[in-house]
Amino acid sequence: MELKDIQNKKDKRGIDIQKVGVKDVQVPLLVQRKNAENQIVNAKARMSVSLDKNFKGTHMSRFIEVLNDFSKSNIFDMYPMMENLKNKLSAKFAEVKFNFTYFIEKKAPISKITSLIGYDCFFKAKLNENNEYKFYLGVKVPVTTLCPCSKEISDSGAHNQRAIIAVNITYNRDNHIWIEDIINDIEKCGSCEVYSILKRRDEKYVTEQAYKNPKFVEDVLRDVVLAIEKYDNITSYEIEIEAFESIHNHSAWAYQKKVLN
Amino acid sequence: MELKDIQNKKDKRGIDIQKVGVKDVQVPLLVQRKNAENQIVNAKARMSVSLDKNFKGTHMSRFIEVLNDFSKSNIFDMYPMMENLKNKLSAKFAEVKFNFTYFIEKKAPISKITSLIGYDCFFKAKLNENNEYKFYLGVKVPVTTLCPCSKEISDSGAHNQRAIIAVNITYNRDNHIWIEDIINDIEKCGSCEVYSILKRRDEKYVTEQAYKNPKFVEDVLRDVVLAIEKYDNITSYEIEIEAFESIHNHSAWAYQKKVLN
Amino acid sequence: MELKDIQNKKDKRGIDIQKVGVKDVQVPLLVQRKNAENQIVNAKARMSVSLDKNFKGTHMSRFIEVLNDFSKSNIFDMYPMMENLKNKLSAKFAEVKFNFTYFIEKKAPISKITSLIGYDCFFKAKLNENNEYKFYLGVKVPVTTLCPCSKEISDSGAHNQRAIIAVNITYNRDNHIWIEDIINDIEKCGSCEVYSILKRRDEKYVTEQAYKNPKFVEDVLRDVVLAIEKYDNITSYEIEIEAFESIHNHSAWAYQKKVLN
Amino acid sequence: MELKDIQNKKDKRGIDIQKVGVKDVQVPLLVQRKNAENQIVNAKARMSVSLDKNFKGTHMSRFIEVLNDFSKSNIFDMYPMMENLKNKLSAKFAEVKFNFTYFIEKKAPISKITSLIGYDCFFKAKLNENNEYKFYLGVKVPVTTLCPCSKEISDSGAHNQRAIIAVNITYNRDNHIWIEDIINDIEKCGSCEVYSILKRRDEKYVTEQAYKNPKFVEDVLRDVVLAIEKYDNITSYEIEIEAFESIHNHSAWAYQKKVLN
């Protein structure tokens, strides 16, 4: 017996839906690394398509089917998946976002011992009616910030803290940017970088480095703007900095966004 | 001895900062209720101003001073606070967002026993260079959704689940909208409303009510659009629905936004 | 027509249930302050009772009724509510936990400007078969910690960060301890206290104070142990310290618990 | 020049510290699967050791070194890592906990289409002074629960919702239990299992299955107790069930723990 397809019923409210789909689907995915083999990441996916005003509902199980079909492919380029999603759901517009932790090996500054840092990242892609593809890369980069005011007015020491620099960028499909490169540039914008392993001689270095290089969240933001605008293939950016102030129970915060062309 | 004001130093990078300030400041605030005395809410505040390219930093402690000055006033109209913030920080632009839980008394459908439901809400206000004021109200409304497909194809029963309808609206200052009214309208858009206390005769009612009134997230979204567009003073809206599917470990999700005028 | 009471049906699996009830019920409550009027807090409640092996289910709506009955009373002493809950659910054992943010006014160290800090707290109470009452108070206290190693080995500066000291204590009903007092004692155990407003002269003070007073999480833990053991009415404690290291993307962490008598 | 080892300084407060170490270290790890190759999981680690009253501090960087040393090994048996940690930190006691998402392939009930579900799991191990090893396995299993009361009293339908069954068990090292097996047993204790992909014929099945098999959180808890007690190598357990009620904005909740031998 055929089970009725309620989703295909005609809807009379006359409202085109912009995005409908699934959220918080957990899935392992392959991400292409720079100069290294693929990394398996654990992603949370949000996938959606547009829905024409004439139809009551979309077909939710097909989103998971598309996800399954691409779970063994490298999702660094999301275009094939997006095209597949649009076709399978007969939709004009599709959007997919993957949030995941991406691990990068990092050397301690003096001892050169390597260890991993996990960075919260996202990939987001949109494909519209005219098959125009837009890709967004998001990275969250922890750094140390040391307060210039505190250093200036105090006889010794200066308050410092972990801060998170969140940067979202868009860039053209034919000119992609490595996660490793963008994180590397952003890490240089704090008072000092953070590391997973620091031996005593490393700790001396990062302490003194931060003290020599005091920065407000405003300074970090401006330096990130300068770093990002050096990429001539970035078409828009959004920057958010949150410093978990060591002297307060709240954060210092700064935000900037810009469409470049 | 005068302590140097590092923040006032000249900056040479030539970058106007769009938003800088404080985040996650916890504070109790007064909110005007409809037909009732003020409610004390526990808010998390994010407050920011623009910063001219010529200055190194803003003055973070002044944000908390403004918050303290207004902590005994009703913040339903945020205009006076915004004006004060712009002046105190000599800024062209100011933005403040308060996230809080707002309690509303609700009667069970049959027994009429009253109890409270806490709704996650936010107030956000912007005041620009020309003193143009923009206010945003956000509410998150839990409802039940019962799946039309599951009902249609099954011999008995139908899967249902809690869903959250998040609605953010903007409206003109001289024509404000009560939290109570907008929540009341949104609650009618699910398969059934949710309650804190339900005696057996109430539970019978909500179960049967949901079963009679199956809705996909697409249906909920379209009905919320219709409900919101009835308000002629709303100037833009954003709607997001997430249904925590009882048959999956992920959510169904829908999203719509529109600028009305 | 009488609706059947399924919960009262006999269960044959022979298993006494230790705790069953409701979780994440949001409710405003009154808490008695030291030397001040009551504070309205926004609590999340978890309420449970034991269930005899002979019964299929407890009666969930009665938990909310008890909560409503006590929402206008001061819940500093939870005994009356616990007794009521046990009776209403015909249970041998009852447990209630309220998590909430509690605001305390604090003076900046030099300018003496007052502002509020919100502390995450909980009250938990148990009442057993023999009407033995046990009360737990939990507080989370933010402080600054400055690293003794970093200070010692570096030519200037020292890394520091916000740390959270979580302390849970039990004490006898007839000899209660004020939230204000226990928080005050714990705040002295970091390298320096944190504040919501700090003017420049205050910031100089807290920076220098932390630098003079370096502490590992181990030092903080031992000082909190000494501070807590001074109270002769505390019968057990649990201490957890997490320092959000400014030089790492992970935390330093320490933990201790003890039953005193 | 030798940098001073502040951690090794003598402490005079006379307090043995029970646990001190690092928290929220992100790291990819290998977990042995049943009848399949290893799975790479993204873990958050908390690692700690005891600290003798005579020493000021532990050596934080060594925890990360141990983690790095074992990041390529299968951590299903944590004993070697625990021994290494105790030795490297000269500690009497060590404890390590890894939280991670573990993916298992699951077939839809009728269509037999396979897809992955991600389960939140943890491994925790303790190694004490006498080299007694204790291992804890934690799993969180989503299921559907359908309310027996709602079904009984309503003319049609019954409220149902996603519930999470969290089970923590300990078992002997020489007699280990597969994650796959324990999850499989727990999934049978709800009204119905949940899946990532359900085609219409599957959705019909799970809807009817849940309706035929109504369960309170009390029923689920008792059935999980019976399922767990069938394992004769489990030495203690802790069970927690939270059902995200579709008719309320709060959860139903139940809890049980037992030491078996």
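Per-chain numbering from 1; labels A, B, C and D assigned in written order.
Everything that follows uses one rule, which is that contacts are C-beta pairs under 8 Å (C-beta built on N, C-alpha and C of every residue); 3 or more make two chains touch, one makes a residue touch a chain.
As the structure is a computational prediction, the values presented were derived from the model and not from experiment.
Trainee: Please compute the angle of the rotation superposing chain C on chain D (C-alpha atoms), rounded to a multiple of 5 degrees.
Mentor: A turn of 180 degrees brings the C-alpha atoms of chain C onto chain D.
Trainee: In terms of residue numbering, is the interface formed by chain A and chain C classified as same (over half shared) or different (under half shared)?
Mentor: same
Trainee: Chain A to chain B: how many Å between their CA centres?
Mentor: 25
Trainee: Between chain A and chain C, tell me the centre distance in angstrom, where each centre is the average of that chain's C-alpha atoms.
Mentor: About 35 Å separates the centre of chain A from that of chain C.
Trainee: Taking the mean of the CA coordinates per chain, how far is chain A from chain D in Å?
Mentor: About 28 Å, centre to centre.
Trainee: By the touch rule stated above, which residues of chain C touch at least two different other chains?
Mentor: 3, 25-26, 117-118, 149, 153, 196, 198, 200, 204, 249-250
Trainee: Among line, ring, star, complete and other, which best matches the way these chains touch?
Mentor: complete
Trainee: Could you please specify the touching residues of chain A with respect to chain C in the complex?
Mentor: 117-118, 142, 144, 146-147, 149-151, 153-162, 192, 194-196, 198, 200, 203-204, 206-208, 210-211, 244-250
Trainee: Which bits of chain D are touching chain A when the two form their complex?
Mentor: Touching chain A from chain D are residues 3, 5, 25-28, 40-42, 61, 64-65, 68, 71, 101, 103, 113-118, 196-201, 204.
Trainee: Once bound in the complex, which stretches of chain B touch chain A?
Mentor: Against chain A, the touching part of chain B is residues 3-4, 6-7, 11, 13, 15, 17-26, 46, 48, 51, 56-58, 60, 148-149, 152-153, 216-219, 221-223, 225-226, 242, 249-257.
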